[in-house]
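There are two complexes below, and they share chain A, which is joined by chain B in the first and by chain C in the second.
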Partner chain A sequence: MASSPLAPEISLNPLPQADGSCQYTCPTSRTTILTSVNGPLEVRPKDELPSHATIEVIVKPGIGVAGVRETRLSSLIHSTLQSLILTNHHPRTLIQIVAQIVQAEDHTSLPLLLTPLLNCTILSLLIAGIPMRTVGWSVHLAVVQGAKGIKGVEGQVFKLEGGGDDGMETEESEEVVVRNPNSEILSRAKSSHTLTFSKEGDILLIESLECSQGSGGESADGQGWDISDFLKLAEEGKRICCEEGVEIIREALADRKVF
Partner chain B sequence: MPTLIRQPNSGERQPPPLTFSTSLFRQISPALYLQRHLLNNPPTRPNGRNPSQCRDFTLTTNSLSHAHGSAVVRSGDTAVVCGIRGEILTIAPGDDPSRFESYNGSPTSAIHACGSRGAGGASWGGLVVPNVELSTGCSKKYPLGPPGGLAQTLSDQLHELVNVTKLVSLDSLRIYDGDNDTTSKMKIKGYWSLYIDVLCISLDGNILDAAWYAIVAALKSSKLPFASWNQIEERVFCDPSRYHPISLRQSLPFTTTFALVPVPASAGGEVGEVALLLNDPDSYEEDEACEILTILSTTDLGTAQGDFSQLSLGKLRTRVEKIEKRGGWKLGISQIEDCTQLAASKAARYIHTLAKEQLTPM
Partner chain C sequence: MSLDALEIILPGDALPQLSPLLTQQPDQPQDTKPRSLRLGPGLTLSPSTPSTPILPYRYGTLNLTTHTKRPTASILSTPRHYHPSPNDPVLVTLLRTTAEQFMVQLTPYTPPAIIPFENYIINNAGTTASARKSRPNLPIGATIYARVSVVHKHLEAVELSVPGPDYGEVISQKNTSSTPSGQKTKKESQSSSSAAAGGTTGAASLANRSEVTPYILTTSQPMTKLLLAEDTLGKPLLSAVASKVPFEMIVGKNGRVWIDAATQKEVVKVVRCFKEFDEAEAWNDDDGGLVRGREIVGRVCGR
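On to the complex of A and B.
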């Protein structure tokens, strides 16, 4: 799996002083995230919860100071981790997660940043030995009309009906799904779907949105997708997360005996 | 009605059962209180609604006289005021207007990427700028002060909703050179930039739906003055007597939010938990919910538009434009399908109320 072009580059514990840390590079968009996890720590009295650990997620932007977008990203990660971490194991403590965006093609794009941030955070939580109910893996899928002529998508394109076969011989106008799109592909995409599943196949997070370009108004009528198309896509996402995602985590942690 | 918490049968000496009033039970054990209500047959929420029922809402448009458009939405005990103010953004000779010409256009350089709300709203596709204010004393959870996490997240979510839905036609925001009558020679001299301010005056759950409905209604009712470039004075002039509406999409998108609450269920002798979907949660239910699902969808009402009584929900064509689900792990994929049905029926009510409001003379 590690030799596959889709496998992300993962380096564990790049920060020796933190309880757990991880650097994650997305294979296509080269989005690089560095996270550190510290905990259980002493908690500020105002944040203390009587029977649970407090989780704090701080997302630091690659450019400039943190703004509204970073607050939203950290609130998304926070709500996902809230259900993954067994917070009742360390009541009245703080689990602090800091995620630094090191490199990104587009520092404001939520869909491009969310998947690397989540995967990197989950890996560093495992390294830090924070008790978790299960592990999750996130995948970013983009629906593109006619992926022909886009460079660097080999092996990542598939059709929904045709299963996971290599879809490079598709027609020009046909809708295909691209895994881990970079910003160039995303700008041509019709919709973007960030799906996070747990190892058991439960849905942890869905962040799906229409992202076609246009000048708005009546030209946007009729955009969007049918719910049945989404369900097919979710099945595919579940397969990727539960099989390949878990395999990637297992490979990365192979000699650490976390599993 | 006194509520009884049963003690486990411990044998010979049974302590007296612990009883207290319903209102106290509601305060000290919200999760259990909510569960007991939902275990009734049929399941009923503490506020008397059934799980798929949303709150009644009222809409008033154009109640603020100084704004270009405004709306007040009240849904249960959640009330928001939305005001829209248009400001003129002139294009300096060296500026490239192309970055305003498309929603979701990718940034051309790293300078643009520094913040989505650059100077004067001058960012790509960022002519429509929503902002949410929660520090109005609307709820004791959000004290006065700088905007907290929720207010920032909401503002960003609403900005994303504007971009995802491409609600406002960029056509109606352009300001042209006034003296040129031929459309081919018309040059874009500026843009209307719309500042949307949403003030929450009372918060009882599900602020996103209320805020988005207020924004749609306010945009639908707003009127901008005719503006054109005056070549002699070299600035944009507004005609105070002529107004034009902002053109929006034909099929309006609406959000519907659900909260998932875990409820113990026994299936085949095995005791487990299922997640029960609660449409349009209030803040009491939101606090206990393990996950929140929001669906943004458009519903094609066809000929039945405006006539609420003749709708048959099975026939509605619904297209989803955004799904957001956060927290928890109990949502089943099949439940999303049921939610889109409920979203369609709610959208039909939204459209009906909006159409009725627009018909009443102001």
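On to the complex of A and C.
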């Protein structure tokens, strides 16, 4: 795990008082997230649901006070977790998730933050023993025109046509997909896709956006990507989430002793 | 690590290990009884999941008991929170007494649990505390050793019971003569072991003190499990402590340990051993905390 340049750094239970916590560092952009999960707790009467647990997600920004961006992030995480957590196991309770952005290249970039936030939250939920239907993993993929000149991305680049090629012999104009891009790569990207899949390969979240400041954004249909490219990319994302992502979770948890 | 053989199970994993227990054995044609499998904590029935009808919902290792008449499967995991399950022995604190029940604190982070008076059995004859005459007059803050009887997610409170004189209010030996409710025998998990220095054992040596206050230690869930498994997991630590200081303890699965010893100094020594062992997370060591446990006991109790 440590040998792979794409494996994130994971530290489980860094917070001694939380039920479950996790610190996660993205291998390329060095985005660091710290999450804590507490629950089931007593719920405020106005949030109480008669037959389900209430999930509360709070995203705390690395800089400044929480605003619209953090609300957006937390609503994305909330909707993803809603389908993972078995909320009917603890009715009339609260499952509280707090995510703190510790370090980020770009504190304003939503796609760079979302994948680490989701992965970190899922690991904390596992540690906290919150009942879950399955586990999920998130991956961030950016479509870039020409991989030349991008440094330090070995093993991170693949072509949409050739499958899992290392992408080192791409033409300048050819489109490649970069996995876990950092802000430099993202600024050159045509489009960015955050995909989350469950262990079984069910899609949990698609958050795609066209990056207008990149060199692209002008494909045939006037959008940043076309659907056939997107489907190939989603297929690759699914493979990464279901195989590598689940493997990372298993390895991280295998170090912990279970009584 | 010794646990390498035990595979970590993630939520939603298929459990092929269970299928022989659910299907009819071909080599036993006379066995026509429907097979039943008890699902313990961590497993739930979920007919809607395509991969497995029995859904693990927590991560952990699969714990299978097949040699008994009713095979049981559960997922072993140690979350930080205590989740009550029936028959767990617990140590609770009395918050208040109402007309029909004792309201007690099971864990600080959950609403109070209840002990209905009809579940509070005070003697071997099965007399309950329902009658005003037989009701023990417990002060607020009293520690009660009880058992979880009913847990249901839709119920407001967890229901506990005191199934007999072995349970009930936990009182130090020194107070026994002065309590009106008579002899409360404590569950003696670990008194001074035969290896203890001095050789005197049990209540006789621990009684006849007036100045000792027992201590209630809050422990983590892994530590609680270690202390409960006194013959296996907890043996290295418990025998190390018992060889230095004779003590009594009562372990509640809700993460509370009642500790009593002959002198206050010894109570503090035992508490410090357990506390330091827990804080160092020595139970996570490969050797089960054998080396670090000895080191802590040596430091706290002297060589």
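Note that in this section the second predicted complex is superposed on the first by the 243 of 259 C-alpha atoms of A that agree within 3 Å, B and C clash if a C-alpha of one lies under 4 Å from a C-alpha of the other, contacts with A are read in each partner's own complex, and residues count from 1 in each chain.
Operating definition for what follows: a residue touches a chain if its C-beta (ideal position, glycine included) is under 8 Å from a C-beta of that chain, and two chains touch if they have at least 3 such contacts.
This is a predicted model, so every value here is computed, not measured.
Room for both chain B and chain C is found when the two structures are superposed via chain A, with no clash between them.
Touch criterion met: A:Glu42 reaches chain C, while chain B stays clear of it.
Partner contacting the larger number of chain A residues, of chain B and chain C: B. By the touch criterion stated above, A:Leu209 is placed in contact with chain B alone, chain C being left untouched.
Legend: residue contacts after superposition of the two complexes on their common chain; A:Ser198 is shown touching both chain B and chain C.
The vertex angle at chain A, taken between the C-alpha centres of chain B and chain C once both structures are aligned on chain A, is 120 degrees to the nearest 10.
Taking all C-alpha atoms of chain B against all those of chain C in the superposed arrangement, the shortest distance found is 7 Å.
Chain A residues 134, 198 lie at the interface with chain B in one structure and with chain C in the other. Across the complex, chain C meets chain A through its residues 3-4, 6, 8, 10-13, 44, 46, 49-51, 55, 57-61, 76-81, 83, 109-111, 153-154, 221-222, 225-226, 233, 283-284. Across the complex, chain A meets chain B through its residues 63-64, 67-69, 71-72, 75-76, 79-80, 82-83, 106-108, 110, 134, 183, 187, 198, 202-227, 230-231, 234-235.
Interface residues of chain A, counted against chain C in their complex, comprise 18-20, 39-42, 86, 89-91, 126-135, 198-200, 246, 249-250, 253-254, 256-259. Put simply, chain B touches chain A in their complex at residues 101-107, 110, 113-117, 149-150, 152-153, 155-157, 160, 164-172, 247-251, 253, 290-291, 293, 297-298, 318-331, 333, 336-337, 340.
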